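Look at the two complexes coming up: chain A is in both, with chain B in one and chain C in the other.
The block that comes next holds the complex of A and B.
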């Protein structure tokens, strides 16, 4: 299998070019080449969404992309955010601030074992950012959350606190209009 | 003498296992963290609220940032001192069980992708590897044999680099082209894994002496003939125990066959599916064997780190490799039981051993996890229950259960026994005959999975009781109230459950629920409003045991002179939040939670414990003989499983904290309060230890000046009082007790091991006593161990949950949609409400999956063939669980001194029965096989 150079922006940093096999899944690139293991392997067939990262598009939108079924080279030139990049850290690497979704998941005991938490954080972060560009009405709130998080599988929590924490973040950030 | 002849009795002395020095440094530990510049739990200042309650889990920062929390996250470059090169391994498996295995041929990989090392059965034999007996025989199938089960591993394949491993694995997966199959052969067979019979005939009332019962008399064990249980003994009221038991069993059978006029005899069959725990973290391990120092460094995902360490050391030490040191690093993990007593750990250790000095990672992908991860296979249940038609009381309960135990024994005998002894659910049964047998099959290995047999048996019991109520034409909750166990009444083994039973309280609440009261009218209304669906409401309640009947918690608490509290604990954090809750338990006696928590600790040199024999099987005489050794305990350490953290782990934590209070903090406080002439501020009042209270982190009693913990800690150190305590407990349905002389004060404690540390200011003579790994190991006196006969009790600790479900069934498709549910839970004293509710929410989701969605073929076409994943095994999503609307309530404790009861498994069970009963209410027919799929609904409707 041939190798090709791969370059991307990963958590705000330019990474590469590095020679990477043509058919290498992105999740393997993250785990074995970048030692970023927070995007977790749940199924390997794009069902559970534990492996998703955020891709920031040039038009200002963002989306979650499953790394277990997407080749690393798909991300050539793209801006990628993984779970490891959300929190602010000081020079020693200690976390100084979580993003609003992370903070709320912590405050509301949203996860248990946390294997799926990075996927939920990424999906909910994309949702927050989407609604920051275009808020929704209250009557749409639950359906929108279901749409964003509905594919994500969790085996520990029964989803209740992930969903209510996400709803609370969106409300508290003023991203939900009356109606 | 070959290595295999070496005695398998396990002796653990100090930190040596089979002559191997074992250290266990969890990934979460500060020691390793300091080296890795990483840490999982944070100090209590960060997670504790001003009200003394947890405002977040103490591991949440690491987890929410995707830090390297799981063993699966680790690569060799993350581990201090390991070579950077990371090798990878996979298991090559047969996928047929009907042919002789004739070897393998990897030529399809081409020269480039050949493994750098292959390990076969012949290698293990030649090299003197002594695979753990509990997971034998044939961990790797030798040529010339028929596989024991579909998916039987034949070789470990190891590559020194990731890319060739990846490409080779891509070539090998989803096919068995590399396997050479020989002639057709009959399936492998062996005797059943276990067979048990629980017979009880109570007295006139539960309080009267039993005529016969497992606890007072005996559990009955059959002979095995042609792979099936048979009863050769003759029923005889005046014979030996088995003959007497059979007499009563026979009499019950006759009464059920020709019942009295006023009895109704219910007789139906229930079947459960083959299910997958589907922990999101698949099995994995990563290890490096350094031949120069004969050291195995091993990062591993396990719920039983001590067992894994012990058996790994014993496996490798006698081999040609040798083993001087095992450095094990258990990660945070998740398993629901599937990482307890799991053969995978040993494959991972072997992969590391044969790595030729290169660290090797063995990590299942999801297909492999389905193929070999521990399952729970079907229970095939026949229930008979005789009921008095007049007063609706239960008379005789008879159960006959066949359990498919899969390809290796694992815990299937125990699961079968626990399932049978739970079958009574919440009801008093005046007489019972419960038979259960766990059989080998060619299915994937089965073992511990959430519910442990009680999910299977109790869900069926709740379906049965509901149907009986229907046939009698009475309210199903009224029928339950009539037969509910009350405090002090006996279970089906003749044992009395612990403490107060509050089942009747829950039933009263459920009976008063508006949905339940109006369910028939609501159904009419909803069916009319929505003609495409049938609407139904169902209820179920059960109580489940927590603990295994052989629990051995260990904890150690120390505080420094400046008030820093450290808790070490054997518990592994598997998502339950035990690292948070145990830190809080410390505050019961120290007024403040532990600042630092180390979980997964299995190095307890200070206690110098030794253990031998099987606590479930040993005779009383054997136990009495063992107890003459003051260091002998029935079991060294519990796994993190069986819902054992809230009660059992808390026991050790509390007892350690209590020792520190009684012999460190309280004497320090008294000395401070008595400062001044004539006994200071304490003199005018009467000062009693039992009147002590912690208020806002300060100690006061009988009106004394509140003293901050830091002040007390400083004084305790200055005076050389007790400032550290390590404890070990043993529970066989009650706690072992012994007397200890602590700093000259004699106390009887529910502990069988105790070591203490004295403060900085202790005299040299006292400090000299701290010669057991820095602790003073105290000798126990007058040890009293739970009688071995208590093994027959099978269970005495219970937690109850009830669930009410609303659902609809689509008339066209037969799909069931859960609309809403409400649950009641009683768990004694709640340690952290969010963690308890989280278990309930998660357990209910898993129960919904079990009731409606999850099943797999047992054998051919099933997961053993290596191509199952979440596209075929349907897990519940948020849309399936009434995520926005579900509600629950936790009953308040009877008093602040209620123990905390374990609930992590029971929470998933009532919802299953409630769904089945709601479907029956909806469609007017009973579906007794799970899951209740559209196909089964249509079959029921069409007769």
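The block that comes next holds the complex of A and C.
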């Protein structure tokens, strides 16, 4: 094990360079170095997706990346968003407004214990942004939601309300065309 | 008195007939059971069952350089299956590649290996297949491009190559070795994939078992010295065939269905015989590799170490130790030891789906990294894996990786 400098953009802020062990998993970096504990360590095997963060690519697309099986240094120079980065905050850091997905999940009681919620929020956020670039037709909606959220595991069996809330927010945002 | 004696005679006659029928039925049952085992050993299921489809009802697309060939329906259905085949006709199909109507089968059917099968084994397989559920559905029709679609044209091919697989003389070999040879060379038809093929699609018998290419992956050499160099012992090899995993890794790609449908169903003495045949009665010593420290590696491999820590170590372990039920160890992994880096590249690009093994053993899916790693990163990573745990000290060149990517079949290039 050796340290090496790590720099990234985290929730819009430039972070680092900071010396970090070369084999440190990203989730440990978030928890232990940045005190961002919202990304959840679930299975630790890349299956449950409770730990995903969003990486914004230079081409304007975004993707989920599992932090439990990905090293912190994979994110060197990348733009990363975590669950803590979605809501609007005032100057003191207090949350003033949730993002549309978060608000809808709260309004519709989409989660129970909430352990998987950060992963679902990130997945649904990636989906919203994808459809903002390219809306879909109503006939595609169910398949697209399944494709985007289907790999996330919820042990409280909250899938129905997660899917329903996502369906509603996509429709309300005008991202689903008739047809 | 006469009447009594006559009645007695009839009763005895009936009893004898009943016994004869029962014995015949028992013999039939024995033959069917034997046929089922042989059908596992020949792995008929692999090509004659589509994913999620009825057993032996055909439909599996087999991609070949000449076009896509579909596995046929070999259930006892009289319209679309082999319900009208006699034992003679079944034997001709199995060993000569002759269909019931006299047409030539394409040599995707490994009659080139099965031609060494004795008649009684063919009859037993036929007897078993007659007991499976008949499926009244035609498998998709194979349509190859000209001239490969001209089935009579196969006559010449068959004359040249149809019986090309020959048994190695067995003088001085153990009974296990002989049994293993039958299981490996004939029933298991392992050489059909593990032998390189020449231009007319025929196995190059002078290079038998030295490794062949299959849909972009290498079916590696099964020669004893090569197996030993890749770390195989007799015990590990037979256990690998039974359980689909061992210290050397897990079955993947085209070998996974072979394990699933065939080898895991074979009894342990037979699997041990296969290992005996492959490694020989006096197996060469399996090569043991010692750990290579980072400062003994090339610059490319040292760069690749960080890529390994970034995207591999989460499952395969920081020191390549693997995680039980999740991901195989890199230490001792047989794929890393192959001279040809092709399989390593393909696996890293494609990933591996979740796999079920014997009992409750499972391995988690491995994601593919085709769009996550640049060619330089892929080159560095593979160099690291090979130098750290593969006993391959030389650097790969980025050009080799680019060439392998360019050579990939269409489905790989889609990445």
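Keep this in mind: the second predicted complex is superposed on the first by the 177 of 179 C-alpha atoms of A that agree within 3 Å, B and C clash if a C-alpha of one lies under 4 Å from a C-alpha of the other, contacts with A are read in each partner's own complex, and residues count from 1 in each chain.
Definition applied: a contact is a pair of C-beta atoms (placed from the backbone, for glycine too) under 8 Å apart; a residue touches a chain by one contact, two chains touch by 3 or more.
Model, not experiment: these values are computed from the prediction.
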Superposed partners chain B and chain C on chain A - clash or fit: fit
Which of chain B and chain C A:50 touches, first, second, both or neither: first
Partner chain(s) touched by A:42 [first = chain B, second = chain C, both, neither]: first
First, second, both or neither for A:74, with chain B first and chain C second: second
Partner with the higher number of touched chain A residues, chain C or chain B: B
Vertex chain A angle, Cα centres of chain C and chain B, expressed to the nearest 10 degrees: 90
Which of chain B and chain C A:87 touches, first, second, both or neither: first
Partner chain in contact with A:95 - chain B first, chain C second, else both or neither: first
Which of chain B and chain C A:112 touches, first, second, both or neither: first
Which of chain B and chain C A:157 touches, first, second, both or neither: first
Which of chain B and chain C A:22 touches, first, second, both or neither: second
Minimum C-alpha separation between chain B and chain C after superposing on chain A, in Å: 5
Chain B and chain C contact sites that coincide on chain A, given as residue numbers: 1, 45, 47
Chain A-touching residues of chain C, taken from the complex the two chains share: 305-306, 309-311, 313-315, 318, 323, 326, 364, 367
Residues of chain B that touch chain A when the two form their complex: 37, 55-57, 59-61, 63-70, 72-75, 77-78, 86, 162-163, 166-167, 277-282, 332-334, 336, 365-367, 574-577, 834-835, 838, 841-846, 869-871, 875, 877-879, 881, 883-884, 886
Chain C-touching residues of chain A, taken from the complex the two chains share: 1, 4, 22-23, 25, 45-47, 68-71, 73-74
Chain B contact footprint on chain A (complex, rising order): 1, 21, 24, 28, 31-32, 35, 37-45, 47-48, 50, 82-84, 86-87, 93, 95, 98, 102, 105-109, 111-118, 121, 142, 146, 149-151, 153-164
